[in-house]
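Shared between the two complexes below is chain A, which pairs with chain B and chain C, respectively.
And then the complex of A and B:
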């Protein structure tokens, strides 16, 4: 009976892997195929669809916007998130639990709800430019990741080391920069990469905060698929997948992925 | 006049009163040890003198000067932590020299003094 269970589990696990990985194999195959539509197995090998990505001007332009928004948004979120994480992990004050909830809420609220409310609030009510709203939206949605990862880095750093620095004559702010920051640097890098990936791949929030001239790559990809069904999109997906895998490998090599499961 | 004196010190974390009306006088050269069960406030007393926590009431006088509201990094008090509290990202030398650097001691003197405490094997 027990042996049977084990086999059942193996088959089940195999199916799970198949459902997640086979589509990726098909996309990768189609990306390097020579057919004019998504076909698997591909009729022949060609790099023309990869080339075609760079011929679609909107892809190049929105790639830059996505990159810009992800980098600037992550920087802003780090500037706000690091002090917030520090306060939440080092001090006790009234309303702490509430604030923790507020900072984590963008992950709990569905992206589509959050995107819609930002559209109403920033663009319709305050008439903000689309690009600024997009940047604000992304900063807010990646904040929880930053705060969570930095908090766990701070939790692992002994507070008495900070106190030692204070007692040796370094002021509070100086202690933070010369003692705390170097010791949570790996956490900051992890937070940066995680936030970057999240911002770069985001659709539900971006879709409300893009407009004429300002769009992100995932949004552009979606509207491309509506009109053309050629393997360009597959080729682009493979490139994005590769980017994410490389970033994840960097995290895995430098800190280990268990950083995020704590 | 005692070198160090705590006058009517009260320390509390929220509603939890840890020290109540503590009075302590220590003379120059005197060696003091605080004894008591855990939770009686030994560490709290030390941390108060070190400046890591603030008293709710009372006064802390050192060498005739009121230290009650002087922040930690301006007290110039030595403090030994239970966990050693070494700086993990600094070299042994820089750990030793840290305090001198914060006091803006000239580089040359830091080297001389710091190396005096380290033995190369």
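And then the complex of A and C:
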């Protein structure tokens, strides 16, 4: 049994949690206001700003692009990431630690620097299309999440099952798809969700990789805020928070939220 | 040695992606900044720092990041200690409530402070109603707004880093100290704090480097006279089309984060020794 916390400490912790949560409650309140400009507390209740999201064509369009980039980027990162994660956790070889570091390195590079470098290198120097570059950028930033989550799923996998399948004559590739992959399925789902969230919310990389007809939802939201100060963004925020809650439920079911304190 | 071949085959696609699309673009950007008319030169860096505006932006960025980190530690440490001591079920709830903002879009989270600090926001409305002010205060688009936004952004990260370490502190240790007559203060200073240092280091590195490189928050909550390194890169690249300066700032940002991470890590290994 743990000892009780002091009263002062309890009050302090509750105060800190209020600080982290109240702004999100306020934004929810502002989303359902009836005023024409953003204010809190709102003058009355209305759903018109939620409706307005779907009337602003660029939000609908960039939402689709964000969704597409996050899903395709995550798929690509899974395709190159799963074999790497498997190699890194299954085998011992020289330079293993170094390579582990290399695969996790995108998370250490400041997004704004990476985004600018991609613009510099892919779009300006090699004349790559903006959309392709955006997809590539997201694939790279997603990679560390895939490697880390899949590797930790593989740590818990009992490789003797794989040995058994191999000794019974199944080929290496067949064994991987029939034995290994199904056993780490929840890890793959968790990796997918985490990667998806990070791609979908990304600003600093995407902001350099936009062009005519190509932009993501967060970027569009930022430029909207610069010109309009009405509750549309608040309403959109509520929808995004709803999405986050659903994805968190999936993470809790697959990975467990304790993952974040590791 | 058959395995070795297989290993490299499995790693190859991922490595290729990283080399072509991460290492090459970064090196190309960094290399550009050292290229002079004849050979390699540091001229672009001395030019950059000669301008007082650039120095101001650089030190502002460091100052805001330092303030953010200190405040995050002050708020996060006691909170994490509290969370690590409640029952497992309630701890899970606290962790969920800290992870939720972490997974919510930074645009949404910065925007929420525009609603609170704005002209018609919560604070101004409240102060006007109470007749404490006659005119709405200008709370947005300054350094304070950026610090508030950054603390808000990174506090959950600090709390999670600390809880991860603190929940592994053996309760037996605390009980043993208690039975030997140690006071609460002594227990905190001699057991809890020293054992929490690894989490404190990880949290501080994450928050400090995160604050130095943050773009969304200073862009939304800061104004034209509170430019930081990240917004300076963007302005130079996208508004001024000054690619050289943008590349120089990008390189400075990388060097700064690497140096600071190394310094904090070195400091921690010294403390542990």
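Heads up, the rule we're going with is that the second predicted complex is superposed on the first by the 251 of 262 C-alpha atoms of A that agree within 3 Å, B and C clash if a C-alpha of one lies under 4 Å from a C-alpha of the other, contacts with A are read in each partner's own complex, and residues count from 1 in each chain.
FYI, a residue touches a chain if its C-beta (ideal position, glycine included) is under 8 Å from a C-beta of that chain, and two chains touch if they have at least 3 such contacts.
If you're wondering where the values come from, they're calculated on a predicted model, not measured in any experiment.
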{"item": "Contacts of A:116 with chain B and chain C, given as first, second, both or neither", "value": "second"}
{"item": "Which superposed partner A:130 touches (first chain B, second chain C, both, neither)", "value": "neither"}
{"item": "Chain B or chain C, by number of chain A residues touched", "value": "C"}
{"item": "A:170 touches, of chain B and chain C: first, second, both or neither?", "value": "first"}
{"item": "Partner chain in contact with A:160 - chain B first, chain C second, else both or neither", "value": "first"}
{"item": "First (chain B), second (chain C), both or neither touched by A:23", "value": "second"}
{"item": "First, second, both or neither for A:10, with chain B first and chain C second", "value": "second"}
{"item": "Which superposed partner A:182 touches (first chain B, second chain C, both, neither)", "value": "first"}
{"item": "Touching both chain B and chain C, residues of chain A", "value": "172"}
{"item": "Parts of chain C lying in touch with chain A, wherever the complex brings them together", "value": "3-4, 6-7, 10-11, 13-15, 17-18, 21-22, 24-26, 28-29, 32, 75-76, 78-79, 81-83, 85-87, 92, 94-109, 111-116, 118, 120-122, 125, 152, 155-156, 159-161, 163-164, 167, 171, 174, 184, 209, 212-213, 215-216, 219-220, 230, 233-234, 237-238, 243, 246-247, 250, 253-254, 257"}
{"item": "Footprint of chain A on chain B - complex, ascending", "value": "14, 50-52, 71-79, 81-83, 85-89, 98-99, 102-103"}
{"item": "Chain A residues within the chain C interface of the complex", "value": "1-6, 9-10, 12-13, 16-17, 19-21, 23-24, 26-27, 30, 37-41, 79-81, 83-84, 86-88, 91, 93, 99, 102-103, 105-106, 108-114, 116-122, 125, 136-137, 139-140, 143, 147, 172, 197, 200-201, 203-204, 207-208, 218, 221-222, 225, 229, 233-234, 237, 240-241, 244-245, 247-248, 252, 257-258, 260-262"}
{"item": "Chain A - residues contacting chain B, complex", "value": "92, 158, 160-161, 163-172, 174-175, 179, 182-183"}
